[in-house]
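Each of the next two complexes has subunit A plus one other chain: subunit B in the first, subunit C in the second.
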Partner chain A sequence: MAVKLSLANYRTDLHNDWCPGCGDFGILSAIQMALADLQIEPHRVAVFSGIGCSGKTPHYINTYGIHTLHGRALPYAIGAKLANPELTVLIAGGDGDGLGIGVGHFVSAGRRNVDITYVLYDNGVYGLTKGQASPTLQRGLKPKSLPKPNINDAVNPIAIAICSGYTFVARGYAYDTKHLKELIKKGIQHKGSAFIDVLQPCPTYNDIATKEWFGGEDRIDPATKKPIPRVYKMEDEGYDGEVRDPSEAAEKIQAAIMKSFEWGDRIPIGVFYRNPHIPSYEERISSRIPEYLENYPAKQVIMDANNHPTARIEDILNEFRIL
Partner chain B sequence: MLTGNMSAAWGARVADVDYVAAYPITPQSEIVETLSKWTSTGELNAKFVNFESEHSMITAAGAASLTGARVFTATSSQGLFYAFEALYTVAGWRAPILLVNVARGVGMPMVLQVEHGDVLAARDSGFLQLHAETCQETLDFILIGYRLAEDRRILLPVMVNMDGFTLSFAREPVEIPDKSQVEDFLPRYSYPRPLTGDEQVAYAPTMTEGVPYTFFKYQMYAASIEAKHVFKQIVRDFSRVFGRGYDVLESFMMDDAEYAVVCSNSYSSIIRAGVKALRRRGVKVGMARLRMIRPFPREELAKALEGVEAVAVFEQNLAPGRGGALYPEIVEALYHMPEKPKAVVPFIGGLGGANIGPEEVAYMVRVCEKAVKTGIVPQHPTLLLREDDWSKLRESLKVSGLPVEKMGVVHHV
Partner chain C sequence: MGLDKISWMIGGAQGTGVDSAANIFSRAAASCGFYVFGKREYYSNIKGEHSYFSVVLSNSKVRSVMDEVHLLATFDSETVVRHAWEVVPEGGIIYDPKLTSEKITNIPTIEKVVKARILEQLKKEGLGETVGDVIEVAKRNGVRLYPIPYMDLLRRLGDRLGGLQLSTLARMTNVMAVAASFTLLDLDENKLHDAIRHIFKAKAKIANMNIEAAKDTMEYMRESFAGDFTYKFKPMEADEERYLINGTSAVALGKMVAGCRFQTYYPITPASDESVYLEDHEVFPVEADAATLADNPHQAESEELNGRGSIVVVQTEDEIAAITMATGAALAGARASTATSGPGFSLMAEGLGWAGMNEVPVVVTLYQRGGPSTGLPTRHEQADMLFTIFAGHGEFPRLVIASGDIEEAFYDAIKAFNYAERYQTPVIHLLDKNIANSTMTVGKFDYSNVVIDRGKLITYWNPDNGEYKRFLFTDDNISPRTVLGAPNGVFWNTGDEHDEFGHITEEPTTRVRMMEKRMGKLETADREIPDSERVILHGNLDSPYMIVSWGSTKGPILVAMEYHSRTGLNFAFAQVKLLNPFPAKFLEHLLPRYRMIISVEQNYSGQFAQLLRMRTGIKVDSMIVKYNGRPFSFSELRDTLKKAVETKQPKIVTSTGA
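== the complex of A and B ==
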């Protein structure tokens, strides 16, 4: 590559209407930094989103951007990736979008292990529609839009992702953009479905899981006089979610799920689980259609110069002929 | 003074609903937010459930209704579309729920403002449809809607349409009926053989044969046709109690009219102003506004348009390959008249909240006059855009290097 791509190559000049202080800004720049670090040319990246504040992400990234329907980013993204496996496919979606109305796709996608990277904006609320409880909000909590505390239990995005079959499962924090950037890079480099749950404060509607709360500003260490943050990096404490040999997969899965239930005083971020031994969907297709990766659907010519289909029905019918 | 959304919430409150099934979407959210607040303070004694999608919301609403609970729900646009399978399902269950649709354009491209592409797509779902012009009508149609839906001769769900933004967020004077009046008008809801555990009833059996399937489908059709007559009885009662009367359509300045504009919903207020302005200039024009869309009041419409030379049909939806969804229904209603209007001219405007004004009404009438004179009726609907909107659009087309002729059928006054 002749010219080195910088952050500016991934920015758009569209007016950004997220609220001041929104965690989405951190996620946006982490994605842009990850793409710049990996030097992936903008036209080789497609960012798909659902509907929500988070859904506006593709407007602000200078790559292909597809703002889909509420809860449906995954099938669009998977369709594009399978038609053009050379594309780097990212999904930016809300917790309501991905784990509520779209949770069926979320689970089904895990079974396929398509090489995509799903970044979940986990803010505990439906930001765009003014702060209703999202599926990740704990029972009994009452962010400011709710007239009464949340009656539903929260889902555990990390555990669902692992049990559904995602082969890279991590959690980041919107205000630790450097760490998040590294997670996104790892997710993109991982061959298979990567899921990154990002703790994303919504200063406008979620007055419980705030930046101050994650930062532990209500808990001052008497010795240092500094806050004791709730968010900590698992890798700093020796946690290792990497499956190095297929035989240790079950053990790693159990450890990761156990870890994913840690919440409250200590909230782990980092890679919970990564299993590079499960074949990606692209590999599974290649085992049936050997030329798939060289001659994938996006490359195939379907019309000749006269706009006639290049597929010949006679050839297909001949296959069924009983001799 | 209440917004349309608040009027809808009040409609549900005074109807004393038992169950509210919700899922947020703009521009409807304020309705369910308000009901959520009232159920939490006890101002409304109902169960409020926020679902994870409109599909579950409508399904739960239908099932709750079969238990004998009066059910309210609301949505818009994409939400109505996501509920589609469930709309047909609950109608087939004969669950008399009431759904307020706050009309909004349907993506793609995405838009938040009014258009009737959402509500009209549901016209064959089995829901009866009442379309409101004002905030007061929205509230009143909820009460009338429950009475109609729950009538043992009908037992079909009702959809009340209110326009997004122009009604949902606009404040108008609204009379909130008091409890005793409502009790006088709207009896307590009871479902025949409800799902309460006293008796085993199968509500949604699978039909493996066409004949019984036909029977059930025809039952729904027959009930929906009957709904027009039942509606007329109900509104007599409504006017006795509340002093406000409604027919399936409103005829405005139609007595000696030579031209008529057929329309529905909130933009009718603009059309009414346009009609008045033309009358002041001596043009004999009137307006026929459809309040009921399902069942379609074809006899009433034909009667209202008797003696009219030409009809302009104004619609806020645009079906590719077709035009306006209601135009063929209106033409069909007029087809059997002994003396039909000489021209029925289709117009489309107000898509995604675009404006029209009295000038557009005058233009529609001019096109009608010309059609009568020449005997040539435009084959395609004419798009109505206001002059300022048109010049902005023309600028944008120029900037993007697109040929302005692409919008050939656009009229600008």
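== the complex of A and C ==
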């Protein structure tokens, strides 16, 4: 590549209308930084999103940006990736989008293990519709817009992702952009479905899981007089979610799910689980259509110079021939 | 009037080989030289419920089934009880004499209301309540009876072949019923053997066993009933290639030719067969001749691929994923489609709107079945038409094209993709159960003159022309379209209103221009698509009676028209194929010439008649409708068209078919 791509190559000049202090800004920067680090040309990237504040992400990134329907970003993204497996495909979606209205697609996508990277903006509320409870809000909590405490239990995005078949499952924190950037890079480089749950404080509607709360500002270490952050990096404590041999998979999955229930005083971020031994959907297709990766659907030549079809169905038609 | 059609029927419990038997019969009869049309009727059930297959044979093209049955082939009680009534005088019933003592009330799969009706009729005849009593009624009506002692013949066959259990052999009664039919119709035994081999091509042993059973049956029939059956005539020698194909396979083949390389689906009757067929044929030859290749950036690589094309078929988690995934693939530049039926299409409405909003060429193949809700899952109806035209909230363009028969379905499948890419909008290809599950003899699908029109598709944007705008305002309202991955072609999509780049806007003047751009594409389509592609005229156009219709009613309408023309009652028939944009101007000119306009369609409310009035102000004089889940038969339209002319009744409802 002749010219080195800089962060500016991944930015658009649109006015960004997220609330000041929104965690979304950190995620947006992390995505742009990851793409710049990996030097993937903008036209080779497609970012898909659903509905909600997170849904606007593609408009702020100078790559193909597809802002889809509520809860449906995954099937759109998968369709694009399977039609052109050379694309780098990212999904940016909210917790309500992916685990509420779109949860059927979320689970089903895991079964396929298509080579995509899904970044979940996880803030416990439906921000754009004024703060209703989202599927990741714990029961009994009452962020300021709720008239009554949340009546539903929360889902565990990490555990669902692992049990659904995602082969790279991680959690990041929107205010630790550098760490998040590295997770996104690892997700993109992973050959299979990568899921990154991002703790993303909503400064307007979630007055419980705030930046201050994640940062532990309510609990000052008497010795150092500094806050004791709730968020910590698992890798710093020797946690290793990598499946190095297929025989380890069950054990690693169990450990990751156990880890995913850690919440409250200590909230782990980093890679919970990665299994590179499960074939991607693209590899599964290739086992049936040997030329798939070289001659994928979007690449096939379907007509000749006279605009006549190139497909030849005579052999197949013979199955039906009578006379 | 001489006999020009033979109507044959076979029935039995689902899972006992009714389909295989009908396929063998159809194929064998077609290879004798007959034109064939076959219709399958079945319950939403895996095993046990009654299914039947009607087949019409003729020496000229057959387009429809008829109510009258000339020869009824049975190997169970229920088929006799249900269908013996449909057999015409001098017609025949093939049956198992061992079953005649069975009481009708003991057949669990006949609905109570049907049993009551049949018992009432038997009572009127002064008869009892057994299968034999039903046969007695047929006999009184002059129907000829052909009892076959299936089990005796099979026992002898078992002895002859050695070592075979009677329970294994008993599975062949379906083929024996076909063989008996072949003897009565005096058709070539070798063609029957060939067809048996073809249908059981994966199981040579079973094929051979069935051929032996067929031979024994034919020998028995010749000895017992030589020359007895009168409804028969010789097939004429065919001088062209002929194919026997069903609707879902024809559409699948059309998609391959069209260049569809990505198909999604969620299992649903009767649409799934198309996707399963495509998946079964996911790799197929393409002609990658360097000299004739279009200007394609991937030409060189493609040439190395030994001429192999392929289609990726994905079974999705639901129909929402089916349409959105296909749309994603279309964004990446593949010709993409999904196939579904009414309930699935309901789920697709939001995705359809997104594709309309973002001008994505995606094709939805919709096989209508009986609605509403789950409705009649395995039965026929044409009640989704208005929904296809108006599905989705807000206003966005879409084209709706309806095929009249299996042959049209092949070519229309190709056309659907051309429309989609030319007008950058979703296209709904409207079919129905009657096309999906019927089989028909057709000539060779000739696609040598088919042209693929990719519209304003570009795979590269020259930055010298300025920044690329996906939704650039143009004179014909259609913008140059890049695809995901195209260099310099980056664009944005959103379901929100957007500017030319595809970024969200709520600015009112841009909103107005974008609405006009999107909806204006329909006007472009209306201007560009020739009338000949939109309306097909049949029959005697100088007649005072004009039939207007759409979809698979074409077959029985044409056959009924042909029947009446022999007695001097002529009809003209406008078959409307493009339902949106509606050929309003053309019909506004054409229809006022006629004294009487009769609409024919298979729904309760006369949806086409409503659409016609909405788009042209023209009100039909008589509406023939049917909504009992069974397609119009030729006989039914023969009678009701005449009735419409004679009585000028504004609405005629018909309901034949079991």
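Methods note: the second predicted complex is superposed on the first by the 310 of 323 C-alpha atoms of A that agree within 3 Å, B and C clash if a C-alpha of one lies under 4 Å from a C-alpha of the other, contacts with A are read in each partner's own complex, and residues count from 1 in each chain.
The criterion applied here is as follows: a residue touches a chain if its C-beta (ideal position, glycine included) is under 8 Å from a C-beta of that chain, and two chains touch if they have at least 3 such contacts.
Computed from a prediction, not measured in an experiment: that's the story for all the values here.
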item	value
Which superposed partner A:I257 touches (first subunit B, second subunit C, both, neither)	neither
Residue contacts with subunit A in the superposition, subunit B compared against subunit C	C
Subunit B versus subunit C as contact partner of A:I184, first or second or both or neither	neither
Which superposed partner A:L199 touches (first subunit B, second subunit C, both, neither)	neither
Subunit B versus subunit C as contact partner of A:L69, first or second or both or neither	both
First, second, both or neither for A:Y292, with subunit B first and subunit C second	second
First (subunit B), second (subunit C), both or neither touched by A:T129	first
Partner chain in contact with A:T310 - subunit B first, subunit C second, else both or neither	second
Contact residues common to both interfaces of subunit A (with subunit B and with subunit C)	51, 67, 69
Contact set on subunit A toward subunit B in their complex	51, 67, 69-71, 96, 100-101, 103, 126, 128-130, 132-133, 135, 145, 147-148
Residue numbers on subunit A that touch subunit C, as the complex places them	12, 14, 42-44, 46, 48, 51, 56, 58-59, 62-69, 72, 74-84, 86-87, 104-105, 107-108, 285, 288-289, 291-292, 294-313, 315-317, 320-323
Subunit C residues touching subunit A - in the complex, by the definition given at the top	27, 30-31, 33, 238, 240-245, 249, 253, 256-259, 261-262, 264, 281-289, 291-296, 298-299, 301-302, 304-305, 307-312, 314, 316-318, 320-322, 324-336, 350-351, 354, 414, 441, 444-445, 447-454, 483-496, 502-504
List of subunit B residues in touch with subunit A within their complex	24-26, 29, 33, 36-37, 39-41, 50, 52-53, 78, 82, 107, 110
